[in-house]
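See the structures that follow.
One chain, chain A, appears in both complexes that follow, with chain B as partner in the first and chain C in the second.
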Partner chain A sequence: MMLFKLAWRNLWRSKRRTWITISSVLFAVLLALFLESMDRGSQEVMVQNVVRYSTGYAQLQDTLYFDEQHIDNAMLCDEDCREKILRDFPDIAYTVPRLESVALAAGEEKTRVAFITGIDFEAEHRFNDIGERLREGDFFTGGEDEVVIGKGLARNLDLKIGDSLVVFGQGFQGAMAAGKFVVVGLVQHPVPDLNERIVFMPLHQAQWLFDAFDRVNHLKLVPHRLRHHQRVVDAINANPDYQALQAYTWEELQPELVQTIEFDQAGTLMFLLILYVVIGFGIFGTVLTMTLEREKEFGVLISVGMQRRKLAQVVFTETLIMNFMGVLLGIAAAIPVLLYFYYNPIPLGEGMEDMMAEYGMEAVLRFSLDPQFFYQQAIIVFGISMAIVAYPVIRVFRLDVLKAARK
Partner chain B sequence: MPVIETNGLYKIYNEDTVPVYAVNNISIQFDPKEFTCVIGPSGSGKSTLLNLIGGLDTPSRGTVTVAGQRIETMSESERIRFRLEHIGFVFQHYNLIPVLTAYENAAFIMQLQARPEEEIRERVTGLLEQVGLGGRFNSRPSELSGGEQQRVAVVRALASKPDFILADEPTANLDTKAAFNLLDMMKQLNEDEGITFLFSTHDQRVIERAGRVVTLVDGALHSDERKS
Partner chain C sequence: MQLVKMAWRNIWRNKVRSLAVMTAVFLGLVAGMYSASLVEGIMQSRFENFIENQISHIQLHHPDFIRDQEVFLTVGGNLDNLQKVREIPGVNKATIRTRVQCMIASASHTGGVELYGIRPNSENETTKFARHLIDGDYLEGESSNGILIGESLAEKLKVGVGSRIVLSYQDKNNDLVSGAFIVRGIFNSGYTRYDEMTAFVFQEYLNDYLGIGEDFHELAILANDINDLENIRAELHQQFPNSVVRTWNEIEPALEVMVTSSGLFSYIFIILIMIGLAFGLLNTMLMAVFERTREIGMLMAVGMSRTKVFILIVLETIFLSLSGAVIGLFSGYLLVAWFAKHGLDLSTFSDVMYELGVDSVIYPYLNTSFPFILAIIVVATALLSAIYPAIKALSLSPIEAIRK
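After this line comes the complex of A and B, so read on.
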């Protein structure tokens, strides 16, 4: 207790210096958290957008499909099969089937390459809110031969609600796929490329069109908790009943996205490293002067009978308190700031909008509140200060009492 | 039995090149309750001798026995422990911890010894009042005069009732009046508490108050006079 009192009083020997050090730790933590939050926020958005509108967090495919993503390798899976999956793997909340193939789509006069996608609308909407992207009409009215198409495709083909669309392509194992459909809805697909190509139709209708009954290209597996996707994939791949199928995580299906994120993280890490070094030297400077200017006093304390170990405890506690305060205040300051930006993302300039839209993202900088990086940053800054405290501790153990007293 | 006994004590610097005999073959004893002053020209080895006796320095040769224990063979941490339990120190300056009050400084050693808080309060309060610092308990060292600071240092050294108190030029930074006051106070405590004092000084007038005067020249014992 006396040691703590001593440390505490020593800390406030030079109030200004201590506050400057605490503030530098505070701002380091604040800045690091801000950067991390922004970084993670944009990554989360990126993953969400890309994953939601493309592969899903986990996906089940025919074993051949991964290498040759063609309708010929579509897997057999009907309603019963989907229900069995839910029974077999309780981590999975629901599945989202898709049967998709490229085909020509023609309006009155123009023709475009289109991306014909058979969906279970309810499952699809539950997964990615595609219904919210509907701009005109309905997502199917229950009539025959209905399609909902991307606004971009509609514009390119000069189509509006009620017009007919002719699809011509190849179905399962070379079967001819041709049909005439009526446009009942227009969606603004968030992925620009897909907005110009997408043609949604009910799953059974696509199966009929492509002559692929009970088949789907893949099933998205949506776990109850999104971060359990790896567990779900591992469970399926380990189950002998599913030998003909193969499950993948989004990381396996989208290595480019993983790379982009890693690259992004490396950039932030570089910046943080520089920040850590700068802050580290700042704290070190304070600790250095705090130590050197007191060597004489240390000498007296050891002379009168204070064990070096106890004295080391005092200087250790001093640095500990200083950094603890810095880290805690930094986190305390970061929380309101990050909360604000979490609810009010920073809008990006006009120029960015197009670029961001390429990835199907809103042109805003989103922030993450993932608690994980809060304590990660805290631990790192704390670790740095622990490395720094080694200096005065070593100094205390090496101190030559007689020399110190003579100074 | 003497409190302090040295035998054939040497401290030699640069033994391999140009040897400096800072302490040169000193064998001396100090008895309980003695009030001894070590004098000698600058560089005669006063500080070195006191440091050897206090276990702050290790001799090149010879032995130092304090309270029946050989201290020159102890490990550093044992010596620190021994100092805490057996020896009180008063230095020339920079004695006190600047962030602690007069009272806390005076209580410091007893607290390091983990004595009961009640005992500490009684003892330290009594001593501080006795040396005329009754009203300055909560003053920081920077708020005390040099003489007051040294008095707190003496109380700190004395409070734990060590076997003896070592003071290397305790009056060097004090004006004459403060120096006399400190010496009178030390003398008084020496009589009241029966604690052995061993101090060094340059000050001729201070010497007159000592019961025994040991003179060093070039590290060797030159004279040793006891007054009755």
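After this line comes the complex of A and C, so read on.
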């Protein structure tokens, strides 16, 4: 306690010096957080963009479906089953069912390969705002045999709202799937490839078409907090009631995306290391000056009988306090900055907006506020500054008392 | 001149501290240059691979084909034509393709694919496609009913080399026709989705089925120089009046987004490093000024003007940063040049690199103007971070300073 008091008083004896040292740590934290936040932000956006329109954050499938993604392996799951899942696993906010298969879709004259997708519109829209991408008509008016198709497909087949679309393909376990539908809406799907192929229809209608009653290819599980998807998947896979099914996280369903992110993180790590070196030397410069300035003081203290070990302890405590304050203040300073960029992301430049919007993305560099990296970076910078502090401590032990006191 | 000498000597009064600052500037610049050039190198590699292996520099289609993809929207052509295209100055390689949407079916699965009718030799010259084959052979010899399919599609269809599969498509009169094909080879291009949706057959064979003679849907050209595409475009317009010619950035606008956004990231990163350096510099100089309060007060007391004191501090800061910067820029340049020549082996990440369409050996690339821009930024940074300490030095009162 005595040590702490002494260190504390020493610090405020020379306010200016203390603040300069604190500010260099503060700034290091601020810069590291800024870089990491930018990187995490772009990753989050990438995951969100890919996952939203493909696998979802977590998915429940028949055990056979993973190896053979075919409608023949569709799982049995009706309304009751979806409600039961919500009851059994309170972490899940809602589920998004899909029954999908490839079939030929024909207009008046032309035929295209189409991706027939039966959806529960409310759940689907809640998950990926698909309703926002509607360009003409409605997402089902409640009538019989209605479909909403991609604008690209409509163009390829020369279809307008009100025209009829004939679908022909294979249904559940070899059943023939054929039907005639009315186009009631056109959607600009953000995935260009799907925009040329997608045919949405209400789930029950797709189940009828493919002769797959009460069946879905998979059920997307949306947890209350997206970060908890792994927990949800583990819970389901551990539950004996769901033995015939298997839940997967998006990491398992999209290994390519995981690899891309890892690659991206390796790049950022390189950038971060460089930043650490630069700011490390910055902190070193100030600590060094501080030590040199105080050599005389150290010399006098030692010569009047203060043990070197004690003195080293005081110096160590001083720097501990400064680093601690620097890190805390750095986080405090970073929060408003990152909040600002979180709500006002950096634009990618003129002319990108329209094109990125086509892909359902914004032409901006997003920032993340994931609390996890806050303390990670804080600990790293704290570690660096504590390592630098070794210098004055060593200096105290090596000090030539006579020379120093005479300065 | 006196001031310059003084500033230079002052720096070396505290060697360790000055060296620490210089090292920071040095490392910051070397590492900053290196990583920026690495990012640029990866982008370049990705960019070039994407163009050379996938879209080529220039594509030519029937004006309505891109939108409608109808079988009858062909461009008239034969082998003589392809020969003529190759003779256009600036054209390196050229190939023609027939494209049709079709349903592909085996005993166990039915799916949709985009079928390409290719001329195996010129296709491989243009896109080096044969290297993606993982099983069986590339299309070779006489035109036949051989077909190449992607690995992921083969798994879905549960077929292997030698299996028979049935394709159904519309011919030029929109009549549905079906044909049996034998799997000759299986490829993996690194893009699972592409592999699942694409198949290749002999163009001659497919054209017979479609009833389009020697016509084609797509002409792809690899040019010698990416900056010399307009001439080729003009020539092509003459040879194929009823067609639309698109260059790589018109075919794949996302490619430009990719290049721009990665450039932006490097840029922000360099700025972050500079802010870090500036702050280190500022703090060090601030401390140096406070440490020498007495000395500066004395200088003023014996008659040195405030302007000169100001200049002295600014000069010290600039010397401090520039001596690190000059060595840093020079070493950074050498480092980048060495790796640009020998390449950086990133095989550890080869899977991802393949996925991203990047070679596993990266050749860092540095714009020639970059070191100069960097030098200007460093000087500007040094000046900015010199001003505050210099002002602090000015605000010292000589009498109080000496008394300390």
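We take it that the second predicted complex is superposed on the first by the 321 of 407 C-alpha atoms of A that agree within 3 Å, B and C clash if a C-alpha of one lies under 4 Å from a C-alpha of the other, contacts with A are read in each partner's own complex, and residues count from 1 in each chain.
By definition in this document, a residue touches a chain if its C-beta (ideal position, glycine included) is under 8 Å from a C-beta of that chain, and two chains touch if they have at least 3 such contacts.
Worth saying up front: this structure is predicted, and the values here are computed from it rather than measured.
**Q** Please work out whether A:Arg13 is in contact with chain B alone, chain C alone, both, or neither, and reply first, second, both or neither.
**A** In the superposition, A:Arg13 touches chain B alone.
**Q** Is it chain B or chain C that touches the larger share of residues in chain A?
**A** Per-residue touch count on chain A favours C.
**Q** Regarding the shared-chain residue A:Glu297, is it in contact with chain B (first), chain C (second), both, or neither?
**A** The answer is first: A:Glu297 touches chain B but not chain C.
**Q** For A:Asn239, using the defined touch cut-off, is the partner it touches chain B, chain C, both, or neither? Pick first, second, both or neither.
**A** After superposing on A, A:Asn239 lies clear of both chain B and chain C.
**Q** Is A:Gln230 in contact with chain B, with chain C, with both, or with neither (first, second, both, neither)?
**A** Neither: A:Gln230 stays clear of chain B and chain C.
**Q** Quick check on the output: what are the common chain A residues between the chain B footprint and the chain C footprint?
**A** none
**Q** So in the complex, which bits of chain A are touching chain C?
**A** My answer: residues 16-17, 20-21, 23-24, 27-28, 31, 34-35, 38, 68-70, 102, 104, 109-115, 155-156, 169-170, 193, 197, 256, 259-260, 262-263, 266-267, 270-271, 273-275, 277-286, 288-290, 292-293, 346, 348-349, 352, 355-356, 359, 363, 365.
**Q** Please name which positions on chain A make contact with chain B in the complex.
**A** Residues 2, 6, 9-10, 12-13, 296-297, 300-308, 310, 401-402, 405 of chain A touch chain B in their complex.
**Q** State the interface residues of chain B toward chain A in the complex, per the touch definition above.
**A** Against chain A, the touching part of chain B is residues 51, 54, 56-57, 77, 80-81, 83-85, 87-89, 91, 94-95, 97-100, 108-109, 111-112, 156-157.
**Q** Using the touch rule from the top, collect the residues of chain C that touch chain A in their complex.
**A** Contact set of chain C toward chain A: 14, 16-17, 20-21, 23-24, 27-28, 31-32, 35, 38-39, 67-70, 101-103, 109-113, 156, 170, 174, 176, 192-193, 197, 253-254, 257, 260-261, 264-265, 268-269, 272-273, 275-277, 279-281, 283-284, 286-288, 290-291, 349, 351-353, 355-356.
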